[in-house]
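Here subunit A shows up in two complexes: once beside subunit B, once beside subunit C.
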Partner chain A sequence: MPDDALFLISIIALPFLGSFIAALLPTNARNAEAWLAGLVSVGVVAIAISFRPVLAAGNVVRAEYAWLPEFGLNFILRLDGLAWSFVVLIGGIGFLVVLYARYYMSPADPAPRFFAFLLAFMGAMLGIVVSGNLIQLVVFWELTSIFSFLLISYWNHNQTARDGARVALTVTAAGGLCLLAAMLLLGRIVGSFDLETVLTSGPRIVSHPLYLTMLILFALGVLTKSAQFPFHFWLPRAMVAPTPVSAYLHSATMVKAGVFLLARFWPAMAGHEYWFWIFAPIGVATLLIGAFMALFQQDLKGLLAYSTISHLGLITLLLGLGSPLAAVAAIFHIMNHATFKASLFMAAGIIDHEAGTRDVRRLGGLYRAMPITALLATVAAAAMAGVPLLNGFLSKEMFFAETIESHVDTVLDKALPYIATIAGVFSVAYSLRLIHQVFFGPPAKDLPRQPHDPVLWMLLPVALLVLICLLVGILPGPTIGNFLAMAVHATLGPQTPTYSLAVWHGFTPALFMSGVAMIGGVALYFALQRYLSGDVEGVPILGALKGKRLFERALVFLSWRWARELEQNAGTTRLQPQMRLLVCVTIAAALWSLFSRPGSLDFTWPSSADPAFVLVWLVGGICAVAAAYQAKYHRLVSLILTGGAGLATCITFAWLSAPDLALTQLLVEIVTTVLILLGLRWLPKRIEGLDPDMTPKARLRRVRDLLIAVAGGAGLAALSYTVLTWPIGNSIASNFLERAYTEGGGRNVVNVILVDFRGFDTFGEIAVLAIASITVFSLLRRFRPARDSIELPAQKSFQNRFDADRYTGGKDPLSAHYMIVPGLIMRLLFPVIAMTAAFLFMRGHDLPGGGFVAGLTLAIAFILQYMAGGTRWAEARLRVLPARWMGFGLLAAAATGAGAWFFGRPFLTSAFAYADIPILGKVPMASALFFDLGVFSVVVGATVLILIALAHQALRVQRVSSDAAAAPPTEGSR
Partner chain B sequence: MNGSVLGWALLIGQILIALAMACAAFRILKGPRAQDRVLAMDALYVNAMLLLLVFGIGSGSTLYFETALAISLLGFVATVAMAKFLMRGEVIE
Partner chain C sequence: MELVVALAIGVLAGSGIWLLLRPRTFQVIIGLSLVSYAVNLFIFGMGRLRVGAPPVLNPDTPDVSAYADPTPQALVLTAIVIGFAMTALFLVVILAARGLTRTDHVDGREGGS
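Now for the complex of A and B:
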């Protein structure tokens, strides 16, 4: 069914695509954004509806794409009845929220950001519900956390918004990590990450020894997301988000992800007492605490947030009970809650929008000013309270009936009917308070704005949702019956119980409980009315229960105090101890592996030696050791000595028949020398010699450091010697040697490895090179040299004084004529060196050379011009634009790599052929040549950028010091 | 190549050039002035180039000549940079 697969993937792809487009629209395109988002939501719902006939027959639609087949992971999309009802819920309410948001958001708010995040969130949420693979599900799960974070902090100039978003992200993302662990365990228990397999292996999961561990991790993930006690505190704080976000994420969809997962895995995991003992008590606690705290909230959205927590607790409790009938009630209540709570949030947003405040105490009598809003909110609140003929009543009735049944024979189970009734009482009381204090009573005075009913389009989403509440409440069978049956059947399968969706079941105990809750709730509200209208902030009794405070303290400890202490006690900012530690650890690691496998380091002295080669090596070795010895007090000498050691290495490469390496080594050597010389100018003045009165302790430290250094150096030398004398077996090197020409089309193995076999690594490396050089450049823009190196070098100032004495009046000073002959030669050499670079580049694939070497050569040619004529002279004649070189290089490399896609090959597959070019003759043309061109270009750009940035320091400091020199006389003349 | 005049000549040539390198290295170590050291390094480069040429004659491969060419073409860059550093205090003005 290819069409099915296409439709299925578009359920997720549409919102993400829409999000991408939305992000690119202009800032003030509110209408275009809303149209886009609305069409996407409608599209999602339409696709879902097209699947309905298939699903109603009890089938499951699946689409599978290879994701990481090596690990047995496929990207699976799976749509069944439960997922379907969530898709419709997410798409449908998404559409209404978009419509509402178009009128809610002010023109000053950046629309692209809002709609792009909202659509991306929709995509992530849909991803969760249609995922058929456990790992994939967690990925989408975490995506919802991230987009929720971005949406809560939408008004990011507001400190509380940022804080709230951070808390929400910390809690839900940490839960998501637990969920990932749970899913990995689950996959291990079942032996597959395919949801289909997991759902059918319930008995195996429940009897597995890891079941409890997995279940606790799973619970942590689910409970944090669904804001269950004790993790509920993030939800009220997330109310700083724009109201459409609260209506969408924090009532209808995201917080439902947790309970969705409970329902999803119910058939696989619920068959054990542990399930009851984890979810039922937490559900009960959340139900009661949420309802209790909701009653005492003064913020309209805060009240709704706690009420949401309470209802989520109810759903968790129902699913936790473990009986199929309770699961039916839970799924039904998920749907009902989404409709009435989303509409209430939207109504709260309207009130906030029109009246300018959400404080329940300041509002009152609004039904006169906004009658339609009042009517709609009243019906929705009645549904929330569970008034008959509304959808809330039906699921609440099922809940009450279910609490009476006995499940696990315990005190908790026996107490459930009473607990449920108490929660019902509170629920009625806060619903009544919401309506009575806001819309009725004496009219509010001195409101920030003059309230009135909003535009029709803003009321429409609320009205539609309320209409659904009514229809479902009066005629449950014809309206929601089929959909519920589909969802329930998909969840419970053969366990599906018989249930009836009637408004009137006769005089049952559940009806009696409903009645008690109604009367009790009304009585409670009127008893507390005076207290609630007073100046009470916070919640009595439970006010001390500050999850938020605890959380913050924990965070402070973890991320601030402990981190600080750890850093102070275990960290150091000094370079010497760090180096010492690093070297010591390296030595220890080498020794450990040496002694754990004795005999791995056996020396075989070379049988014969070339005397010249030995001499070169002696020279190189002496140079290297002397360089280390001089490094601290004679920098220039040390640099020259390093050059000598490098040259010896270069000869060694050539000697051991690696001329390409010799070439590279030589060029790197030259460029590095110039680079360090450029930097040497800016280092602080050197310290002359050792401190004569050194303490014995310092002397001891120096001896110790010497020993460490000798051990490290000798160890490294021994290791490399062993590796070099290792008998060549069937190593990767010989593999490369064999395949270089046949598969890469080149004889220069190093180059073929760089641009073909390991092309992807090289691509990463040149990207890093470009980044590093840009970093150097931007660091140097703000470079403040040491005080004693700001003034002109001694040589220069001496020369200037001499010139000033001798050559006055129009005569060229002596310094203008220095290095004339070498300077001319250096200028003339530019084309020669550039030609060499081109030569090295062109034949790089077969013989020594290649993009890297050629790039360095050309960079040296540029540096020579700078040295010959100075920065001003060189830049007046030759503008090198290093950033463009690098940009072109990266693009060329990426384009070559991507070119392989057009031939149906993976990224960076190279092809080769021979081409006949006039004059040059037969030239091997590998596609890798263009990749090499990219390498070449990046190397030129990066090297020149760093060198020029260093060279410009001289100009900059001259400017600064001449400004400083010019300043005092003007002051003196005043 | 064994036993032939060329073989011996190459071997002796290599040893002598290597000795010359050792002398240059000694000058780098000893100084006494910075100018001496820079000059010695240039001598080291020239000797390295010659050594590669001799080695190339011995092996019969032209690749070594190219490396030698690279040294002769570019090896002076480091020397020039150091000379400028000593004379003007800055490599690029």
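Now for the complex of A and C:
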């Protein structure tokens, strides 16, 4: 049914869409925001109600969308009775919270942020309950963690709000990661991530060897979210959130996500003792600790927070018992707790709002000032305490009745009735304390504000919730009966037990336990009243149990102390050990892959080699080793020797059928050498023999590095030899060779690959080139040379002194005649070289050449002019604007690529034709030529920019040093 | 032929690795140059060595097996140009570091070696 699918997706889509719109509204649009959020919530509930008849018949509504079909993952929405009741709770209480928040939030609070986060949170929460896919469920689960973090830290100027939010996020999101692991395991066990399949494979899951691992991870996810001991500490700290947020997060949503999941997977996972042994003890502990600590809270919201923890413990315990009847009680209590806790939080917010404080000791006798609030809060608190004729009584009776039953025959099971009664006593005591100390007793005197009942609209949500508590409590069958039956049936399926919702069951043990709890609670409260009204801060006995402090210490250790120690012991800021490690790991990786592969490597005897080629590499090898040997003390020598090795490489390319590579290598060799020559002057003097003698340790280091270098070189040589003598398999070479002329219109296949087949790569490459050159330029703009390289080199100052002695007046100094013949030749060569560049460029598509080579050639032509006449002379006559060359080049390349769009082809599709140009004859005119023009232009611009930027440093430093000579004492005037 | 090229790659890489492990910036930049020669030759060798068979199509020989493999050549061509840009950038970085720290040690301060 397509309509169903549409409605189903709207349940999630509406809140997220609303959140997006809410974020865009102006800051002060409180009313518009509230209307929007309210309509979204009502819409969600309305959609849910429209599905009720289908679900009541026991059906499940499903919608499936392809998500990652290759992994067998679909985006599945699945609405059954349990999910339905949660949708109604989330939407309904969401609506009331929105209404309440409209009047609670101050006009100074930014409304868009609040409502946008609230709606997004609602969407994430709805996403959890209607997810039909395990992974998708975890995604929404983590989303609730993130949005609850944003909601708790809503007043982000407040340090405690930020801290509370951070703790909540750390705990729940870490739990979420465990849940993800659990769901991946579960999917593996079942063989599907579809919830439907998982729910019906209970026996298979329980008998699987990975069951326990999966269950523990699952428990970590669920228990952190539902604030179960020992992870409960995040919840009280989240009370710094605005009260509507607390009312929403800690009644119907967030913390209920955990117990929802327990209920959801109950039929699939609960059929084993492990389930009982994980969840029942933790539920019991949380139930007792929460109830005990709630009694001693002085903050109204703190009291409610701990009571929430306690009630969640109760629900966890019920689900942990593993009996169907207990599960029914749990689901029922989830609904009841949501209603009375939401109304109590709202009432606490009203008191805070009107009286200006939440400290229970300062409040008192408020029923005179705010009678309606007092009445509503009293009824809600009575429901929390489990007073008859209210909904809390019913589920509590079911709980008491269930504790008497025998589950797993152990001490814990036998003790359960007594534990439950004790928890009941505390629950009555703190509920009584909440009402008695706030609304009754002597009126408070020094309240920050004069309290009175709030506006009707703020009371309405509370009143509605309290009315539900009453109606369900008095007439459970006609009101909640059908809904509960739907949820229970959807959860338990064929295991659904018969249960009775009646108020009066006769004189049962459970009724007796309720009575004991009532009387005991009242007695306990009045016994402790004096103590509680005193200046007690914190909780007796359990006060030392500070989960928060443990958490913080753990965080400090994990994120700081251990990390620092690890870094100190295993890390280094020095480059050499890092490089050494890198090289060693590479060598080890190569060796490992050599030995891990079975089968022997055939060693083929070398074929004969041309003696001339051997000679080339004899020279090249000596150059390389000598360059390495001389690089420390004789930089110029080392640079020249490197050039020798580069030339040998270049000859190799030419010899072995790669003319394009030979050309490029030759030109790059020239440009690189010039570049490094320009840089040499800024490096410090290093004279052999002046350095201190090497220590034995340093000698040892050198031997070790030498061994590594020899191993690396030998390994690479062996690897190369193996590959080179290996018969070549099928490669894409023939494909390129066949299509180069017919489809690319060029005979030089390397060039066709660069500008046509792999044009996009080349486009990226020229962009990188441009970026690198601009980076070089900007780094050099702020360049500050070291002091010892500012002075003129010794040779040059000697020359200057010599000139000053002999040449005075109008005569040219000798340096003006420097390199006069080569300079003239270089100047005259400029047009020749430029023409050569044009020639190389034009023939590039068919013969060796092309944009890269031509660009480098032209750049060399420019550089020669700088070398021949000096920077000033060259720039007076020839202005190269490298940025424009690069800009033009990039635009030309991009425009050629984009031009293909006009012909309905993908980016960079090339077209070609032959044009008849006078004199030159028939010339191929591929659109790739324009692309190559872009490459050419970028290469010229980038190369020239790099070289000029470096050459200019000499000029700048001359200025600096002449300024320094003019005014020696002021240091750093420039 | 193959043995000569393999030994050449080994010698270039060995000298380059030795320099990469040295403490002075100039040694490292020369080392990088030597290593990039070695790596370029190695990548080039992936198409196997052919003498006198450049990948420039001749209408008289339509047989594609008569030509050298153009793919590694195209790769190496871009590698050479990018290698130049990297060398330039690295050179300027070591010059700036030398200006700021007054030392040409790779760590920016005189170390043990």
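One rule holds in what follows: the second predicted complex is superposed on the first by the 567 of 974 C-alpha atoms of A that agree within 3 Å, B and C clash if a C-alpha of one lies under 4 Å from a C-alpha of the other, contacts with A are read in each partner's own complex, and residues count from 1 in each chain.
Throughout what follows, a contact is a pair of C-beta atoms (placed from the backbone, for glycine too) under 8 Å apart; a residue touches a chain by one contact, two chains touch by 3 or more.
Computed from a predicted structure; not experimentally measured.
Going by the contact rule set out at the top, does A:Phe930 touch subunit B (first), subunit C (second), both, or neither?
In the superposition, A:Phe930 touches no partner, neither subunit B nor subunit C.
May I ask you to decide whether A:Leu575 touches subunit B, subunit C, both, or neither, giving the answer as first, second, both or neither?
Second partner only, subunit C.
Looking at the overlay, does A:Ile946 come into contact with subunit B only (first), subunit C only (second), both, or neither?
Second partner only.
Have a look at where A:Ile651 lands relative to subunit B and subunit C in the superposition and call it first, second, both or neither.
first
With both complexes overlaid on chain A, does A:Val637 touch subunit B (first), subunit C (second), both or neither?
first
In this superposed model, does subunit C or subunit B come into contact with more residues of subunit A?
C
For A:Phe830, using the defined touch cut-off, is the partner it touches subunit B, subunit C, both, or neither? Pick first, second, both or neither.
In the superposition, A:Phe830 contacts neither subunit B nor subunit C.
Applying the document's definition of touch, where does A:Trp277 land relative to subunit B and subunit C: first, second, both, or neither?
So A:Trp277 meets neither subunit B nor subunit C here.
Touching A:Met867, do we find subunit B (first), subunit C (second), both, or neither?
After superposing on A, A:Met867 lies in contact with subunit B but is clear of subunit C.
What is the contact status of A:Trp67 with respect to subunit B (first) and subunit C (second): first, second, both, or neither?
Neither partner.
Do any residues of subunit A touch both subunit B and subunit C, and if so, which are they?
The overlap between the subunit B and subunit C interfaces on subunit A comprises residues 610, 613, 655, 659, 847-848, 950.
What residues of subunit B sit close enough to touch subunit A in their complex?
Touching subunit A: residues 11, 14-15, 17-19, 21-22, 24-25, 28-29, 31, 34, 37-38, 40-41, 44-45, 48, 51-52, 55, 63-64, 66-67, 69-71, 73-75, 77-78, 80-82, 84-93 of subunit B.
Taking the touch rule as given, give the residues of subunit A at its contact with subunit B in the complex, in rising order.
Residues of subunit A touching subunit B: 610-613, 615-616, 618-619, 622-623, 626, 636-637, 640-641, 643-644, 647, 650-651, 654-655, 659, 662-663, 666-667, 669-670, 673-674, 677-678, 680-681, 792-796, 799, 818-819, 822, 826, 829, 832-833, 836, 847-848, 857, 860, 863-864, 866-867, 870-871, 947, 950-951, 954.
Considering the complex alone, what residue numbers of subunit C touch subunit A?
1-27, 29-31, 33-34, 37-38, 40-42, 44-58, 64-65, 67-71, 73-74, 76-78, 80-89, 91-96, 98-100, 102-104, 106-107, 111-113
How about subunit A: which of its residues touch subunit C in the complex?
Residues 573-576, 579-580, 583, 606-610, 613-614, 617, 620-621, 624-625, 627-628, 631-632, 635, 638-639, 642, 645-646, 648-649, 652-653, 655-661, 664-665, 668, 671-672, 675-676, 679, 682-684, 686, 697-698, 701, 705-706, 708-710, 712-714, 716-721, 723-725, 728, 731-734, 736-738, 740-741, 747-750, 753-754, 758, 761-762, 765, 768-769, 772-773, 775-776, 779-780, 782-787, 846-848, 852, 939, 942-943, 946, 950.
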